[in-house]
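Structures follow.
In the two complexes that follow, subunit A is the common piece, with subunit B as its partner first and subunit C second.
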Partner chain A sequence: MINDFNYLKPGTLKEALAMYAEHDDCKVICGGQSLLIIMRQGMIAPEYLLDIKHVDELNYIKFDKKGGLKIGATTTHHAVEKSDVVKANYPALVAMENKLASIQVRNWGTICGNLAHADPAGDPAPVLIALKANIKVGSAKGERTMALDEFFVDYFETALQKGELVLEIQVPVPQPKTGTAYQKFNLLESDMGIVGVAASITLNGNKKCKEAKIVLGNAGPIPKRSKRAEEFLAGKALNDDVFTEAGKIASEECEPVADIHASEEYRKHLISVLTKRILKKAYEEARG
Partner chain B sequence: MEKRLITLNVNGIDYELYINPKTLLVEAIRDYIGLTGTKRGCDTVSCGACTVMIDGMSVKSCAVLAVQAEGYKITTVEGLEKDGKLAPVQEAFLDEGAYQCGFCTAGMLMSAQALLNENPNPTEWEIREGIEGNICRCTGYNSIVRAIQAVAKGKYMEVKS
Partner chain C sequence: MIEKYAVLYPHTKFHVINTHVRNIDGVAKVTGRAVYTFDVKLPGMLYGKILRSPHPHAKILNIDFSKALELPGVMGVVTGKDTLGVKQGIWRRYKDLCDEQILPVDKVRYIGEPVAAVAAITEEIAEKVLNLIDVDYEVLPAVFEPLDAIKKDAPEIHEGFERNINVTRHIEWGDVEEAFEEADYIREDWFKCGGQAHMCMETRCAVSSYTPDGKLTIYHSNQSPYYMQALMAGVLGIREGDIRVISHYVGGGFGGKFELDGAIFCSAVLSMKLRRPVKIVYTREEDFIATKRRTPMYYYTRTGVKKDGTFCAREAKVFTNGGAYTGMGATALYLTGFFHSFPYRWKAYRYDGYRVYTNTLPSTSMRGFGAPQAMWCSEQQIEWIAADLGLDPIEMRRKNAHHEAYVIPGQATIQSCGIQQCFDEIQKWIKTKGKLPKNRAIGISAAGFMSGGIFNWFDTPYAFSAAMVIINQDGTVELHVGAQDIGQGSNTTLAIICAEALGVKVEDIKVHSGDTDFCPPDLGAWGSRQTLMAGNAVKMAAEDAKRQLLEFAYAQSGMNIVYDLDIKDRWVHAIARPERGNDYTELVKKALRGKDGHRIIGRGYYTPHRKGMISPAYSYMLQGVEVEVDEETGKIRLVDSLTAHDCGQPINHLGLIGQLEGAFSMAAGYGYLEYMPYEDGKLMNPNLVDYKVMRATEMPPTPVAEIDTYEPEGPYGAKEAGEGLTNPTAAAIGNALFHLFGIQIKECPIKPEMVLNTLKEKREKEKNSKK
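Let's look at the complex of A and B:
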């Protein structure tokens, strides 16, 4: 049973930010595919709900070869999944969206909403962090942009301050010879991952690893980079043994919790295996 | 809490509702408008029994506030038939026996129709992915997939004379 709330429906972004600044105990809804569930479970009972679903100026996907990709806050998963520029330039993002929940959820839910919800099992964050995405947030006082890597604070907690909305995701154009891949482990394809791993590998001229990003999903309170495994890979000639070792390092570095779906040990094991596989996949894509 | 007056367009008809903003779309459709074909199943965006179409796209009506659906064209299972004639997906479900208890059927039909709206010639795999948000606990899905395939193959094309 959802508790009563007062419904705020701004027509423009400016109105939305003004309303958000004015009202305490206010939550933002767009697709609501995560929010309404936790409201119904009584986990939160905000006094106000600010509905930005129809703030159309935030509904866009833009791309150019210099600035990269920009996805507005009210853009649905489905729009990202079907976008030709995303397909052409960020196939890993499309592959991730394809496996995110069910088509009904993707039709109404938004990628920025998923990030703002900050469930550590969310699919978009690991892939976007591997792609070096930034997130633009804004309030009535102004805007700021941060690395998505720094956006997550704890379970369901983000760096958003009072009155701040997520406005946009920005994904730079990948460097040449870069491959990115993501895989989650789950029992039903449309479920959230028991764990997930995203990796991005950039090769230099002699086909050694110039840079690697490894991001672990649902292996701790926030989507987290395995920095030790990234450092281990830098400068190395890549092969299966190296990927196996990187998997081990990532598995040692992560701190998953046990829940009904998997024990801590099993999650660590999955991280080690998935990291190895996903690094190989990213490497093969980078090599072309 | 302030009630709101909204207009929902369901199956081509405008309904004026005076509702608590927490009213879910599935509640508006079933309890206020009285169209009970749409089923309320899990209430946690899992089972898909409450699937309806918003502007031709499938959504789970237990995860949409009714106030958010204002201004769109909502289609429920009751809106699939035209002039008293069942839609091709409905005929196909009948012919293939694509249901047993029937509880998932309304949602399944809406997902099938939304899939065919977007992709008139889906592969078997695309059909299975298209209905992955709908859980059926008795037919085992095969007859449902066959029914959607039959529509895609044009078995139920209208005879144009």
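Let's look at the complex of A and C:
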């Protein structure tokens, strides 16, 4: 049962940051899709909830050819999924959102809330890291921006400091001849992934890999890049054998934890299969 | 079968049966007006919570709740010592199988078992106070698996049950040894069948209100208000008639809600102590860890057949994980043994079942009642035997299947059976499917099920089903039934039967159910009994009322006595001259006057007699499922299906389709999704994130080919539907995997990792044998 708490409802970002600085034992709530579950399970019992859902100045999707994509903190999954600019420029994000949870959850939950929750099985992080996203955070004292890759610290733990909110996700315009793809493995469509893999490939010419990014979801405490597999691919002429080999390397590099749904060995196997498949998909997309 | 029926009764044409009738509870449900137990709120009501055992096996040495009583808002605490300590069970005829104290006095036997219950002015306080109750346990060694629990040195879970064997069941006919001698080919296999959670949308909940006049009113979510009334009388030491159980709307049962649960018992004990209404609602987690579940089983089965595919003999041994208490597990143990023979003719058959106590959640009945396990093993082994002998698996089944007038020695007589037409339909379907993609295959499985049980271990003196029909002066009808609508739509089905029999429209019928003060006792909604048993009672009651009406109509008409009268669609007429008649409502008014205002009341009941050991009638079905498997990950997807289904004369078309869809999803879940892993007696996934239930996105199309038969024992020829279809799907999925890869998976549910590992093993074996 959810504990009693004091409810704070700021009207503006400034107010929100001030309130957040002022109150100890305060949790941010946006869509509540993750937070309320752990509150109901009694895992946390904060004294204050700071509701930012209605801070409209954080509700936006902006895009320009130079600066890329900017998604504000209160933007829902649904808004991202239905956005024309996202569809046109980051189809991998839309495909990921389509399979994230159910329509109801997407209508209310936010992509930034998902990142701040830092569940290693979350879908957005691997794709965004593969797209080289940055995350802007800020407190009453000021703002800072970091690579999303550096945002995750441990299971359900991020680099956010006391009083800091996630403000925005920034996704650069992909280089020409870049393809990005994501796939998760689950038993029920739209469940969280048992594992997931995102990959981005930038080609040099038609076959050669200029740069690759491979990000593994739920294969360790945080979304994890498979740097060895990325290095292996750099400069290679790409084909099915190369993808298979990269999959093997990625699976050796990760440290998934067994649970009732899948053994460690099986998870590693899935990583290698998914990596192979997703690299191929990204490659085909890069070739256009 | 309408045509056949029409030959017997040439004037008959259905006016209501199997027409498009909407669920009569539909409006109340979709507008949120239906009051479920969960919604009940009484003046002065308190909220209860249950403290549960963290140990799988322990002695309760002492319970100290003095600190709890100090918390403001806490009104009282009860433990086993506040109860009569009655060991209760639903097999009331067999005292040694009444083994469960819902608040145990001195010992707990599974994690989650109630230890104490509190009542407070809010649910929050009730939950918080649980932490303030100190229980001293002496932890005892525990055992979790039946094959460990039967070992000589295993811990003793209940006194006096040697090797923890709770119940044994034996079924035998023919000379098994001799019949095996006749076989050209014998195959034996071991299987393992998982448990499954009932997963009702409405978790267990109750509101009990005891008043100082010694009367107890209980709102409770259950499948049989009469059972609850009788069982509660037993554990509380008060008369059945002083207890009223109200269950107007129930959010699902699936076999898990016709025994006492902690919510009903603890709320009543608290209410009797505190003299205030007490409500207890289980959380989803409590529903998972502290109710009961489908019985996990270990199956050994040995089958002998002739070269041409004729079945000779089968012998099966089954060990079931009974968990801590008997529940309905003894019936599941019998039924799995019986349905393991289904739907085939065996010259000789022998079954030995052992239900074993363990320190886990008790197992019990669940939709299919032992038959899904039986079919999972039987239908796969039969498929493998056909392959071993190079025979067509459908033709081999066809050759050995039940038929009308077949007698299962000592067990049952089959009066209607459409299985041959089922084979035809599925064969046709497979043909139209043509060549499938490389990663897909079709698996089939046959099944059948009972239409209500004949057994009376509950030891009721009442008829199994009863109904009363009262006609009002405006022609509307009060139909009182003890049958329980738990979402399966029995109120609608019974209204249809009543309307058909009486000759009125469905909207003329008001169904009164789910209240022991106003409804006749009835065993309730389980074992697929209500359409046949309560249906017959309703038909009899409606016909009784109609006869009384027609007496008046006849006296008025002045017709020659060789003419018969009837009512159809509110039209009272001579059967031979249907165009000449009178309005039904007018007749009702006249009849009332003629009777000096005495109401017209029809009464009906049904108790099976001379119908064998199991059931008066059996449904038959064959299912084909098209399955796709990702060879690299082992992931299963159901692509398409067809079920050929013989349930006699369908009564309610829409209801039937809904029930079959629901059964499919539950059966498929059992086949490849729903697992209940335990670690040291602790369920590892008691939530809906980790326990996987089919969703709309996982459902393939589930069309049904209805087979036209007529069951003489059923009302208007109807028999079971909606439970039996939980039986075939797991085996059909398994058989598809067999055809796709040649692998034989002997454990369900089939997890993707198992598919991969089995495939890998098989390929390695093949490689080695090539070398």
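The rule is short, and it goes like this: the second predicted complex is superposed on the first by the 287 of 288 C-alpha atoms of A that agree within 3 Å, B and C clash if a C-alpha of one lies under 4 Å from a C-alpha of the other, contacts with A are read in each partner's own complex, and residues count from 1 in each chain.
To be clear about the criterion, a residue touches a chain if its C-beta (ideal position, glycine included) is under 8 Å from a C-beta of that chain, and two chains touch if they have at least 3 such contacts.
All values derive from a computational prediction rather than experimental measurement.
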Touch check for A:R228: first (subunit B), second (subunit C), both, or neither?
neither
With the two structures laid over each other on chain A, which partner does A:A262 touch: subunit B (first), subunit C (second), both, or neither?
second
When the two structures are overlaid on chain A, which partner does A:K87 contact: first (subunit B), second (subunit C), both, or neither?
neither
For A:E189, select first, second, both or neither according to whether it touches subunit B, subunit C, the two together, or no partner.
both
Now for A:K177: first (subunit B), second (subunit C), both, or neither, which partner does it touch?
neither
Taking the superposition on A as described, I'd like to know which of subunit B and subunit C A:N107 touches: first, second, both or neither.
first
More subunit A residues touched by subunit B or by subunit C?
B
Should A:L270 be classified as contacting the first partner (subunit B), the second (subunit C), both, or neither?
second
In the superposed arrangement, what residues of subunit A touch both subunit B and subunit C?
4, 188-190
Can you list the subunit A residues touching subunit C in their complex?
1, 4, 185, 187-192, 260-263, 266, 269-270, 273
Spell out the residues on subunit B that touch subunit A in their complex, using ranges where they run on.
1-2, 4, 20-22, 24, 43-45, 48, 51, 54, 57-60, 63-65, 67-68, 71, 111, 114-115, 129-130, 132-134
Within the complex, subunit B is touched by subunit A residues 2-7, 9, 29, 32-33, 36-37, 40, 49, 51, 53-54, 78, 101-105, 107-108, 188-190
Given the complex, residues on subunit C that touch subunit A span 123-124, 127, 632-633, 635, 673, 675, 677, 684-685, 689-690, 692, 694-695, 697-698, 752-753, 756
